[in-house]
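Have a look at this one.
Here the chain labels run A, B, C, D and E in written order, and each chain numbers its own residues starting at 1.
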Amino acid sequence: MIGYLKGPGRVWVGLALGAVVLFVLAPSVLSDFRLMLLGKYLCFAMVAVGIGLAWGRGGMLVLGQGVFFGLGAYLMAMHLKLSDAGPGKAPDFMLLYGSGVVPFWWEPFRSPVVTLVAILLLPAAIATVLGLAIFRRRVKGAYFAILSQALAAAFAILLIGQQTTTGGTNGLNGFRGFLGYNLFDPVNKQLIFSIAAAVLLAMLLLTWHLYRSRYGELLVAVRDQEERVRFLGYNPANIKLVAYAIAAAMAGVAGALFVPIAGIISPADVGVVPSIAFIIGVAIGGRNTLLGPVLGTILVAYAQTTLSEQFPGFWTYFQGALLILVIAFLPGGLASLWTVVKRGRRPGPPSAAPMAAAAADPALASEQKVSI
Amino acid sequence: MLELVDISAGYGPTDVLHGISMVVPDNSVYAVMGHNGAGKTTLLKTVMGLISPRSGRILLDGEDITRTKPHQRVARGMAYVPQGQVSFGQLTTFENLQLVADGRNNGRAKIEEMFHLFPALEMYQTRSAGLLSGGQRQQLSIARALITEPELIILDEPTEGIQPSVVAEIEELIVSLSKTGLSVLLVEQHVGFALTASAEYAVMASGRVTSRGSGGQAAIESVVAAMSI
Amino acid sequence: MDVVVGQLFAGLSQGSILILIALGLALTFGQMGVINMAHGEFIMAGAYTAYVMQGILGDAGISLLIAIPMGFLIGGVMGVILEAVLIRHMYGRPLDTLLVTWGVSLILQQLARDIFGAPNVDVGSPSWLQGSVEVGGVALASARLFILALAIACVAALSAIIRFTSLGRRVRAVVQNRELAETVGISTRRTDRLTFFIGSGLAGVAGVALTLLGSTGPTLGTNYIVDAFLVVVVGGIGQIRGALIAAFVLGLLQSVFQYSTTASMAKVLLLIAIVIFLQVRPQGIFSVRTRSLA
Amino acid sequence: MAIRTDYLEVRGLTVSFDGFKAVDAVDLTVYQSDLRFLIGPNGAGKTTIIDALTGLVGATGSAKFGATELIGRKSHQIARLGVGRSFQTASVFTELSVLQNLDIAAGAKRSPLALLGVRRGIPDIVSKALETISLTAEVNKPAGVLSHGQKQWLEIGMLLVQDSQVLLLDEPVAGMSADEREQTGQLLKQVGADRTVIIVEHDMEFMRRFADSVTVLHGGKVLSEGSVAQVQADPRVQEVYLGRANATPDLAEAMEPADNPADESAPSPRAKV
Amino acid sequence: GGSKVGSDTAAANTSSCVKTDGDTIKIGFLNSRSGTMAISENTVYAALAMAKDEINAAGGVNGKQLEVVAEDGASEPTIFAEKAQKLISSDCVAAVFGGWTSASRKAMLPVFEGANSLLYYPVQYEGLEASKNIFYTGATTNQQIIPALDYLKEKGVKSLFLVGSDYVFPRTANKEIKAYADANGIEIKGEEYTPLGSTDFATIVNKVKGAKADAVFNTLNGDSNVAFFKEYTNAGLKAATMPVVSVSIAEEEVQGIGAANLKDQLTAWNYYQTLDTPVNKKFVSDFKAKYGADRVTSDPMEAAYTSLYLWKATAEKAKSFAVPDIQAAAGGVSFEAPEGTVTINGDNHHIAKTALIGQIQPDGLIKTIWSSDQAIEPDPFLKTYPWAAGLGG
């Protein structure tokens, strides 16, 4: 869209603004606890950026991102556990519940480098294999959504079943250090927060570029008329695969950063419910925009924290109602709210309204993308 | 039969029709012509109730039906053959017909009648309509409309995609229908045929009626002139 | 030998439960394209109906027999309300219905908690369903036999309706093309509501049946919803006979896996089996062919 | 582009659906710069032939373009081999702009890296196509708001930028008005000069005006083949397809009801104005 | 896994922010008020709230009124960890009371150790843990599971079938049970786990039936019990022929499972509502008065109620709310609890408790049929049991 031609400047301004907020403002005004909380939200937001790409642009309702989030998180947690235990030794929980022998597939993750590479590649690789199996056979739409959801359920069950090697329901926690730094030290906490913030901004930049690239256009084409694209000489499976793998990689990295920030990862963070929670944030923020998913996710996570502090039962109603209202009546998400208000009309279907608006009013489109 | 009073309509934010008025008389064909995108289909959809007009009224036999639902209009004797050979693809040909014959006492006989009219449909009656060829689907669409024994039939380019010999039959059919007490609102690109068959015509451009008159061969020249502006 | 027959029966029984919970979905998801995550909560509502009926009537036998039609009614009415308030704004957006109904499901669960209390409640089985029937030296739980029969009855009734009645034709027509259906004289609003009524009603019936096997609580439906969708997916969307076969095959497989591995592993293996199956038949056991590009 | 001498050679093409042979041992040879019209009754198997040639339905027999066998390949591979098609109902990407539609169509052979890049300006091939299909003014409009006819032009434009050597067009002028048909016909003549083109149409007027050769299909088999005149004169074609009335141009007027004799100067009833 | 309280922790930030200069002192209640565990944890919350009201009415602790900050753990370990952090560092509470699942406890443990703060955990658990920052007021294995096994052995049980939910408590408990069985000539005929919340027990009951064990040891959690017991009864299995001993079914759960399904089955706890002591009578009647006559009391509720009083007693003994002072003063602090006299073990922060085997009555209450008669000293690492040598202590 033409709007993008004007976009770059604004996006850079937006990113700079985001950087100031995250690197300067947040650490100085927030307590350690709140900063770490925000850090967690940022991790969720990374998953959301990926979902925005796969779902908003690619039309693949990824209901199982918890799997990739979990993969990244467990990889990181395994490394932290091993390095806490010390060279050649087994993590505490293995001594407690198992034989105390470190399984062979844990061993490579003693190395921080292997761990890092695995975090970057493994979720994407698994997504690629899965994607090949699914997209090549033209499983799509609701089929894909349900399958990916079942996948999340199976992954959580698998983790729970392996008490002695994955910590079972307990998950992995009680990490003391992160790459040699003491995790209890506030300075190091701030450092980790900054890493998360930087990664999120980098992901936004990457996604923004993807959206305006030819690939981004192609992805929309595949979303809307997959079969037609086939007759132009593309294999839609591969196009979807790329978005799915990138989304998986983002979720994986998010999971990996979540672990030192939250200090724990457990199957409850990776199953069906958390996977849907990711989607909720994206839907509420606006699946079709760049920043919508990020802001929506942070908003929802924040609301959850504060509202459930005050009214535990009420939160469930609130979350349910929010989801219903936004998806049913404002499918473009909150990002489309002011467009709708401004135009004084009912929002169209999710794909049509914001895109059409963006196409018709380029200034508007790029505006949406930088307003942090 | 049908009277449109100052109808304006459109999709979402875009306006397509601007103050259309016309009267479709009893027992005759009323032809609507116009270039692509003139708003013909939009007009028919509005008449059928698929789009609610922003302003104006639609009267059927003097009764205001502006706010009624499409299926209620069907119950009042309207039938619609949409543009583009649409059918219920996953129902068989027979079920497509049965669907509208249900609850009519002479339903079965009506279906037979249609089979007589369109032998291809009888041949492929157990095939899913979605597997029929384009033209076969169009025949099915027309048959489905006729089964309801409408008083007013609305046809949107009914001969598009149909083989010439069948086109001729359909054209004959339309003419003969209008003689048996049926009103026809016909959108047609084939000016020659449209005017031959019709008692009255209107030409549309950009959502407005730009010229109108009584049909017949004599009108061809003025219509051609009206349309080539 | 006893164990083999026992497992076979367990598999069939599991299959009958799966088909019972998936049948309504085969209608609302398969036929209408609505991914109703609140289907699980309709099941829950059916179960609570049985609980309430038992509270009112006391006798477990009579209350069960009355609870089945009541469960159908309650589930159905809830479905109609859902359809009228939300779903009808969302036809053609299947993925969005998934999320909206997920929201509904959250709310209904919390509502159940607030109405019936968080702890699970128990619905007693009538005396004639307690214990088991000896067949060739193997004890088959009467409650499970009853559910098997109920499931078969429901499948037969539903397929007959969909295939042979004018209602069935209308339902199928509306699913495929709402606009066209209106213009051939079908009231889509009424048809939608009726379809949803039947589909959700079946969920209610499933809920009543489930009280015979387990406890009734706010999360009853959540436990089944994913399985139910998998049945529909494997069966082929819109295919009742597909769902039927899928349910029994999955039930038997699950029983085999469970016996030879662990319950957790069985779930994982089952999913792997499904993914492999979809490699062979991506559109499910039965699929509808069309020429359209969509 | 170098003139290519490849041609399309179809031998014994058969498509059956549950035993029903929709296309039955069809032989078809189409050379470059020979605008071939494929006509025949509804359900004759015209669309199915196109489906088979583009991998949408499975088929037996052979269909070679140059030395390459098309049957058995996947749709996207066939498209890459230079065989493009349009659909009986226009299918463009309604949410993307005209430019984006064309750019995507032009890009199947781009490297992954190029795909990840941002389009700068309008590629030459696209702007040329835009002119050819007269959509230059609409370049930034979402394709969804185009009129029916414009959408069909856009589809043809997409085939052009796709650099297809074989164009399979399923009723490309359906629903167009006469002047649009004329333009489209000219366009097809122009692009067909160095390409192999098959056009499925029911509009006889259009066929007479632009066809170089015609193949008539009936019941999945080739019924007749030859020039427009030859085919029109074939009584079997008149019988199953044209109807007596449409057999020849001169007979067209005979279709008019007898009580309403044709005016010499009036366009033929089949003409769309 | 430290073997003793006082294992090293990298506590870089232990300066407490607890305010002790006003007339109130803040404490935190951290229970799942939403999610799957809310069913159980709400009852604990109610008991805690009652204890708080009583204590405040009686003048508070060290002369200060208790001010409660309640948080929802939402049945998720991660949220428990997060909220614990919040209670400690944002709300600056003097101690936190709550948690139920082992997963939630394990998630909170590093938080409390890292900040050097206090958690009072009120539920029986699998043992093999002792943190100087946690006080365990529910039973450890040698106060519940081992007495239950002793009881079965005494009754002549020669073989067992183990059924449990797939999480840490059942798995660890069964590990201990197997070690015990090994040493005592009891044959384990089978060991089966189902995912939490699973309701499909046809296969497992089929296996149980085929195994023909003398008794079943049940560590299933929550809803699964209903399906299990219904299937059990439907398959024609009875308490008289093959009793089931459960360690996670208390009065509250019996209501949901249905007393009819549990007729005459056994449970092992340290407290039942039916206990005939004046303290308990008052506890039960106060509870019913506060929350309704149809409510029941259960072991975890009692342990939670007791935990607040134990903290009070310790703080008063230490005359301080500071964590090191409490830790130092805790040993030997005792309280007349509804279950009887309980005493804190200063070494492992568990409490001495009396073990009880109960039989489920048709009215849903549980009747004591066997008692250890005296409080059993807590031994979380089973040091005093030779057969438990290799269990990872």
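Everything that follows uses one rule, which is that a residue touches a chain if its C-beta (ideal position, glycine included) is under 8 Å from a C-beta of that chain, and two chains touch if they have at least 3 such contacts.
The shown structure was predicted, so the numbers you read here are calculated from the model rather than taken from an experiment.
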Each chain counted as touching subunit C and subunit D at once: A, B
Please indicate which chain is farthest from subunit B, where distance is taken between mean Cα coordinates of the chains. E
Cα centroid separation, subunit A vs subunit D, in Å, comes to 45
List the centre-to-centre spacing of subunit A and subunit B in whole Å, with centres computed as mean CA coordinates. 51
Report the inter-centroid distance (CA atoms only) between subunit B and subunit D in whole Å. 27
Shared interface positions of subunit B, touching two or more other chains: 131
Show the residues in subunit C shared as contacts by 2 or more other chains, in ascending order. 113, 262, 264, 267, 291, 293
Give me the residues of subunit D that touch two or more other chains. 47, 87, 91
List the residues on subunit C that touch subunit E in their complex, please. 2-3, 6-7, 9-10, 13-14, 113, 118-125, 130-132, 139, 141-144, 210, 212-215, 217, 219, 223, 254-255, 258-259, 262-264, 267
Can you name the residues of subunit E that touch subunit C in the complex? 36, 38-39, 42, 166, 192-195, 197-200, 202-204, 206-207, 209-210, 222-223, 225-227, 230-231, 233-236, 252-253, 255-258, 260-261
Could you please specify the touching residues of subunit A with respect to subunit C in the complex? 59, 61, 63, 133-134, 137-139, 141-143, 145-147, 149-151, 153-154, 157-158, 160-161, 225, 227-228, 272, 276, 279-280, 283, 313, 316-317, 319-324, 327-329, 331, 349-350
In the complex of these two chains, what residues of subunit C are touching subunit B? 166, 169-170, 172-173, 176-177, 179-189, 238, 288-292
Quick one: which bits of subunit B touch subunit D in the complex? Just the residue numbers, please. 14, 33, 35-37, 83-84, 120, 124, 131-136, 138-139, 157, 160-169, 171, 175, 189-193, 196, 216-217, 220-221, 223-224, 227-228
